[in-house]
Each structure stands twice: as C-alpha cells, then as structure tokens.
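Below are structures written as structure tokens.
Presented sequentially are two complexes of subunit A, the first with subunit B as partner and the second with subunit C.
Let's look at the complex of A and B:
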C-alpha cells in the first residue's frame, strides 16, 4: 500500500471539514423548515392562549376599591380562601368531579372490556357508538337530561310507577343531576382510554392465567385489571380535569343550588363585572386541578407501576 | 394389557364458518412421551393443542386426560401446564411471582411454594433472577421462566405451543436440547407444537404430521423421515426430488417405472405411499427421493458401489453449505438436488458425472 502523501492529507482534512459544515448547513435548513411549519400553530397558541392567560394572571393580582382605586395585591386570593361560600364552592367542585370519575369508571370499564373482547368489526361499531354522543352538542344533551330529570318528569314518574319510592329525590338542580350530566358527557373519554390499554394486553396472558388454574374472575383481578392501570389513570385524569372545568352542565342542571367554581367565576366576570376576582377564581381552579392530578398520578405511578409501564 | 394413555382424542371435529379446522382427530398420547404435532400453518396443530388445553369448544368428539373425560371441563380446572409462543409471562409480576401464581391458586403452603419455585428455577438454570421483571430478561430467559412456570405446578401434561419460534437460531437450538433434557428428567407427558421439521425430528419420541385438519401420519422420527405414508409427509419433511413416469413391470420385490425417453428406474415394492396401493402396468406414478440419498460418482471411474439406478447427469450448480455441498444436476432433463458431504476437484459446473441410488431409498405414489 502506498503511503499517504502530505497534500493528500490536506485534501482529506479539507474534505472532511466541508462535509461537517455541509451537514451543519443542512441541519440549520431543517430547523428553519420545522420552524416554518410550526409557526402558525405556535403563533395561534401564543396569541390566543398564552397571552390571555398571562393577562388573566395579571388581572388576578389587581384589587379594586371603589370606582377608580386599583392597586396590586394578593387580596383576591385572600378573599377566596377566607370566605366560606367560595371554599364550599371549591369543595363542591372537587366532590362532584370525584363522583363523576367514579361513576364513569364503574359504568365505562365493563363497556371497555366488552370492546376489547369482541371481534374487530364489532369493536369498530362499538367505538362509533361510544363516540357518537360527542357529535351532539353538550347543551342539547344536557337539555335532554333536563327534561327527563324535571320534578315530576319521566324519571320521577318511572320511579313512582315502579313502586321504588313514593317521594323521589330531587334530581334536577341538585348534585345528583350534575353528576348524571357530567358522567354522561365524559363517559366516552373514560371508555376509550381504558379500552386502548385493554387492547394492548396480550390475549395469551389470559390463557396463561387460565391454564395455571385461575377462573375468569381471578384472572380479571390478577391480570387484566392491573395491566389496564395506565388506561384507568389517563381516563381518570381526563374526566377529572374536564369535570373540574365544566361550565355548561353545572349551570344548566345545577343552577344556583350547585355553584361549581367555573359557574361562580363566570358569574363574577359576566354578571358582576368583577373581572379581577373572577380571574383569581380561575387561577385557583387551575392550581387545584393541577395539584389534584399531580397527586393522583404520583400516587399511581410509583413502585411497581413505574417498573412495569415505564 | 392396555398401554396407559395420558391423552386420548376421539373423533374431534371443529368447524368455524365453512372452514373445517379439525376433521375427526383420533389421537393417543402415551404416558411420559414427548409427542410433536407437526404441520404447516393452518393445519390444525395448534387447534388440537387448544382442544387438549380446553381453549377450543369442539363441535363433536371427546377428550380424555388420564382416562377422565374432560370435554366439558374449562381450562382452569384441567391442571395442565402450557408454554406459549409469545412467552406470556405476566409483565406486572416478578419471575418469582409469575411462578407463584399457579401455586398460590392451588393453595400450596408458603414454605413449600418457595422450595418448589427454587427447584423449578434451578431446573431451567435461572436461579438468582427471582426479583427480575420479564421486561428485564432476554427472549431465551423469558422462555425458560415460562417453562419453569408451567412445570412448577406439577402439571398432568405439559403443552408447548411453538415455544421456540420467537428465538434466534442459536438459542432455538440450545433451548431445544434443554427441553428434551427437562422432559426426560421430569418425566412429564409433553405435547409440542411446531412447524419446524428439524425441531420435530430431533426432539420427539413420536411425531404426528397434520395437514388440513387431519392426521397424515403418526410415527417415530425415523419412520416419518424414512417411510412416509403419504406424498404430503414426504414433501413436508425434508427436501425432495420428484420424477413422473409409467409402471412398466411389477413383482413382489421391485417396480420398474419408465420415464420419458425410455429411462427405467427401479423402486422397491414396499416403498408405496398414499391410500391407493394397487398398481398395474401402465399406471401413471410419481417417484420421490431425498437429495442425500443420491450419490455422485465420477464418470469412467471403477464401479466402487453397485447401484440399481445409475445414470449420466451434468452439474448445473454447486452451493457450499458448510457441513455439506448442495449440488444441482441436470438429470432426465430435470433439475435434481443432491446433498454430498464432499466434492471432488474436477466437479465443476458443466462437468459430466454419474449419479446413482438404491431402489430402497425411493418412494412411489399413484398419480
């Protein structure tokens, strides 16, 4: 083999630096393309979401006294956490959201299980059915419930004629009504997220459990349920945060009896024109939801869960 | 005296839609043997295994395990052990917990459970990995754990559903030997499903060759390889060369078949395959022979070995396989494969050679 000559070496060095710079140039070009593609979305989110959110945050720290006097303070937050009406409203919001989560999980899990067990064709049909309520406006759906749950409405009459009770509980304008409305609205999200994680379970695991002596119930408890935890977690987080921020259902079906925080904030901003206080309520709602969701996911995603689903 | 059958299938029939999955399967599995169900995909071998395990609701027929009719007993009450193609270890349980699952369901006392799990892991050479999750194991290790999990409950039968097909060639070879050793050590009656004929030949005490929902042949590996009953079995197990011709003469020892161009080939009369075994002169027949049964001799060389069938041929292609040479010849205007352990230096592509074989190595079937 011939030794490499000096000018050859020079050439090699020059060539390799050229390759590197070419690569860098290409990378830059790639970033520019990506930036251009992302620009509309980034601009949209920044202009219509980030800036308004920051403005609301700014508003929440302004306290007004009288007509003209305005100054920076944390007075709005102090007011919120010292007034029992607002604390009750916060507790009510959390409570109703938790009920909604439990109800939609209990109703949704069996549906998801059925979807996971049936043939692909039936599964497609069921997915369509489960998602179909989302095609109808939530206002319309809630009005349906409104009519059904009216005092002396269809549900009341049914309960009386079946002899279950003579004095049926108040359904509309009560917590029960709101939980019914919210569960109905958010059930598809729970079903679909649980079903997705059930699809990912290897069907031969159930066979393995069966051949080892586990009957259907035991097999569900020891294999299917633990392996569907990721879907349960995402469904719970989704439904909980949507319930916390729901406005239409509590306003329509709870009315003044069920003052959930979004309704209270709306009232402050639109009806009472107390923009700054309404902004503070919004941020309390956001903060509490974030904290609850974080606590929940932290609780679930530790130890074994982390080992298995990481 | 009757030989003890651990498993007996009687007239098992299963139809899904218009497809007949199992068409009257009758099968006996003897105590302590390793039986392989072999066949192409869709032949019904896995369905047969699922029938024994209880995962398949059969339309007709009966299943007996250790003399007990289990046709209507669900899988979780049959007390079997099974290993799946996809390992099927519970991903949310450690190796120890995976093995403990079946034992705890059987309400074995805790101390004994621990002891049995230790023994089972030792048996598959996986001691010390109790606390690992399946995710942290390699494919081969997972399958070892799966085997241990099936064996730890001391099952009446061990069912293996293509347990090696997800592993690479070297591991497959290793684990195959391991399964054979384990099975003899534990002595558990084992049914092994595979589509790999080499696996079946090397592992089994007996092989069941299946095709289109029926059993083609049951026999020991040598019986299946050397004396296949049907054309399908011959073609499925190993490679084959095929000729077509007409019967010219028959006697009790030999059949003489005439090929196109007046070439005559002799076949031993006992080497008949297929259901129709009455031949008369003029019948159209197919002849089969395996590549390694053909021997190439140099032309003009002294007749070292006497062959009944000996013809001139030319070399078309030579492939080196490491352990042997695969040589393609042009014989009777057809391409024929020969497997030779060695080649001579003057065998080149285009060279004229003589190829010979014994009448006892060739099989005949009616067309």
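Let's look at the complex of A and C:
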C-alpha cells in the first residue's frame, strides 16, 4: 500500500481560498450592517425632503386655468416677473434683507472683535450670551420688541423724554420694525461667523504691523479687517439668505404694511390655496437668494483681498 | 486704555444689550397689574400667570409642544445616530455628498420646506395630522443630530471596538460598553438641541397644524396677531425659563457656541 502523501500545495490553495471567501463574507456582512444603519435615515430624508422639494418644483411648472384645466408651462414664473405687485414684493424683500445684513454687520463686528481679544473665560460667557437667544423661540423675541416699539411704547417715550423728537416715527408694523426684528434674530450668526475668522488670525501679524509703525487704527484696517473677510462673507451670506426667507418676523413686526415675499407666499398657499403659484414663488425665492449670494461671494473672492479666501 | 478700545467695548456692550433686550423686558412685563402689557410694568401682580392656567388652550398647547418636541428629538436621535455611526465607520463612495444630502434640510428655508410638505402631505392624508406634524419636525431636527454625532465620532479610534470584539464582546455589548459612552455627549446634545428646535418652531408648524392640534409658539403667534394682552408676556416668560434651563444643561454638556458653530 502506498503511503498517503500529505499534499501541502493543495492545503495551501484551499486555505487561501477559504480566507478569500471568509473576507468576502465579512465584507458582505459589513455592507449589510452599513445599509441597515443608514437605510432608515436616507429613506426618511428622501421620502420627506427630496421628493416633496422636487414635487413642488414640478408643480411650479403647471398652470391651472379654471377648475379642471391644467397644463405644463412656465406661466407661473412669467406671471411673477410681469406683475408689479410681486416684483415690488421681491424688491422689498431684497431691500430689507440688505438693511438687515448691514445692521447686523455693524452691530456684530465689535462684539466679535471683543470676543477675539478677551480671556478664554470671558469669551465663553460672551459666546453663551450671544448664542443662546438662537435657541429661544422667535415669537418670544418678537414679542419683546412689541413691548419696546409699540406706539407710545418704551422707545417712543424714551425718544420724547430725551427731547430727540416730539412725534416719533412709526416703528412697529413698518420696514424699520422688520429690520430691527430680523437683525436681532440673526445677529448671533453674524457674530459667530466673524469671531471664528478672527480667532484664526495670527497675533504676531498685528505685532508686526505695530513694529512697522502702524497705529491701532491702521493695523485694524490693513491687517485685522482684511483677514476677517472670509468670516464676514459667510456671516453676510447666512444672514442675507435667512432674512430673504423669514416668515414669522415680517408677519408679526411688519404685518400687512410690509408684504415681503414669504408673507405673500404664505398667503397664496394657505388663504388662496393657489399651490402651483405658491410653489413657483418658493423657487423664485430660492433662486434669487442663490444668485445674489453667488454674485456677492464671487465679488469678494475676486476683489482686492482675494488671497485671504485661499 | 486707548480710545479705540473703549469705543469697541462700548459698541460691543450696546449690541449685547440689543441682542438680549427683547428677552429681558418680557419677564418684568408679565408681572404687570394693568390690562395691557408694557415695559416698565405698571404695578406688580401674578394675575397673568393664574389667568394663563385658566386658559385651557394654552395649557393644552404647552403639553402638545412638550409631547411633540420629545417625540421629534427621540426619533431624530435614533435615526441620526445610527446613520452617523454608519457614515463614520464604513467606507461609503461619495461620503461627502451623502452628508450634504442628509444635512440639506438645514439649507432650505423653513418656509419652503413647510410649503413643500403641506402640498406633499395633502394627497397622502397626512396634512394636519399628528404624524405629519411629527415627520416635519424630525426633518428639521435630524440634520443637527447627524452633524453632532459625526463631529463626536471624528477622532474615534475603531481599535477600541476591535479590542472589545477580540476579548469576546458581542456587537451589541461593544456598542453599549465602548462606542456609546464615547459619543454620549454628542448624542445628548443632539437630543436637547432637537428638543429645543422642535419646541421653538413656528414656521414649519404653521403649515402642519390643524385647529385641534396647536403648540405653544403657534398659540403665541396667533394671540399676538389678534390681541395685545399681557397673557402673551406670561406665556413667553414660561417659554424663556424652560429654554434657559435647557440651554444651561446644553452649555454644561457641550458648549452652546461650539454646537452652533458646527451646526451652521
């Protein structure tokens, strides 16, 4: 009888294929685990965010005539851009958003600068004070302004008693009221964006400017301000786009006197039930915001201080 | 101290006052004894708080708010944490696109989101139902949870999980004993942040409500549009106090500024 020869080569081949199949199996298992963990979230976002957004985009290209007639057209958009009421509303929305951006930048920059220059403990406290109003409902913050801005309210009485004016301007239910409400609501975003870029400035640059003979004002204008431009840009973009589509503050602080586009869109959808037209207004709002933001960002990034955006 | 520095401090103090003043005036105004709200208040009384308890619509709206905020944060944390764990651990093609898709609801204005969901839900018979309301709130909360947990996992050492597995721990035990304790702060702050986001929300809720199902901010919103009563001051003060407590807890866990920085 021939002795059984143990064939090493066969065993090696078998072993290596076993490893490959085991690894493949484990990989499959990995994919299944990953899919199981991710599937609910992705399905949820798709089903209740992506599809609804695409659905109203589709609806915005449907024009309805009478009760039953509906056909594809760009009529809703044509209607929007030819009707002076909607164009005026769009212009008003852009104007108020720009005012809001300017007010929040002017008020926000000194706070951001203070946050960048103080001790870590004070910085923590300031961050908490600046950021926490964002987590308190906007209606509550607007109500506080109601108290202050009402005809004969705190601000009016203050203006009269200080002798600044005898017939104070209308503050609530006017454009001023909306700008105050919006800038109050979004100022924290501006401060946090600008502060983040100020934290990243190398302190030795300011020292270098001082050694070269620049006073504090010159050093601010030539070193700190240009280096904080990325933060200013992101703050401006954030505040502008949020103001463009804010509904609650214009509705409460402006009322019927300040028909900004979100208020008009709400009216079309909820009160007039014109869904296809309301969908078109939504996409006009998104589109115009995107265009304005892109133009602004491009302008800044191609401007004099383009190096700081790299 | 230079003049410039003094000027900067002065301006910073003015804008801090500007940020905080609407919250600061509301609480004293709620203690007025007059029939109209004003700052400074006239006299002192707690009558607007007792009147608040006598108004069933406010009490009911309060419990609705708490209930929906709790459910929204629970589901957002479940969906968001599991998803973020998968994204952080496995090599998924197009990972950055996936993350921006999952956080996209933050970049779309809430007004547009509300319009889209109302139009989408109506043929599905979900418009004006508690389910529809809850789904809308989860959509605005879940991106925050995804971001927070992803940030929390960014420095995570997966060798810890492997070590636990080699020592014989089952996958469930590995999660409970190793992974979860390390991401607990991120998950907790995601939960609290979601609770506050849902509790505060007006814009999306406006499109999802029905007359029999209202939340506290919506009740404040409609009362403010109809009448000018100190009762709004007392409801607002209650909202402020609840929010401040939650914000302080959030600050202890993670730092509110840091969270908002990573959220936007």
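Definition applied: the second predicted complex is superposed on the first by the 263 of 310 C-alpha atoms of A that agree within 3 Å, B and C clash if a C-alpha of one lies under 4 Å from a C-alpha of the other, contacts with A are read in each partner's own complex, and residues count from 1 in each chain.
The criterion applied here is as follows: a residue touches a chain if its C-beta (ideal position, glycine included) is under 8 Å from a C-beta of that chain, and two chains touch if they have at least 3 such contacts.
A quick note: this is a predicted structure, and the numbers were derived from the prediction, not measured.
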With subunit A superposed, do subunit B and subunit C clash or fit? fit
Touching A:188 in the superposition: subunit B (first), subunit C (second), both, neither? second
Thinking of the overlay built on chain A, is A:211 touched by subunit B (first), by subunit C (second), by both, or by neither? first
In the superposed arrangement, which partner chain does A:232 touch: subunit B (first), subunit C (second), both, or neither? neither
Subunit B versus subunit C, judged by how many residues of subunit A each one touches: C
Output check: A:52 vs subunit B and subunit C. Expected answer is one of first, second, both, neither. What do you get? second
Subunit B and subunit C, minimum CA distance [Å, superposed model]: 11
Can you tell me which positions in subunit B touch subunit A when the two form their complex? 53-55, 74-82, 84-86, 88-92, 101-102, 105-106, 133, 135, 149-150, 153, 159
Touching residues (chain side subunit A, partner subunit C) in the complex: 30-31, 33-34, 37-38, 40-42, 44-45, 48-53, 55-56, 59, 107-108, 110-111, 113-114, 124, 126-148, 150, 153-154, 184, 187-189, 191-192, 196, 216-217, 220, 238, 241-242, 244-248, 251-252, 262, 265-266, 269-270, 275, 278-279, 282, 285-286
Which residues of subunit C touch subunit A once you look at their complex with the stated criterion? 2, 4-5, 8-9, 11-12, 14-16, 18-26, 29, 37-40, 79-80, 82-83, 85-87, 89-90, 92, 98, 101-102, 104-105, 108-113, 115-120, 135-136, 138-139, 142, 146, 193, 196-197, 199-203, 206-207, 217, 220-221, 224-225, 228, 232-233, 236, 239-240, 243-244, 246-247, 250-251, 255-257, 260-261, 264
Can you tell me which positions in subunit A touch subunit B when the two form their complex? 202, 204-205, 207-215, 218-219, 222-223, 226-227, 304, 307-308
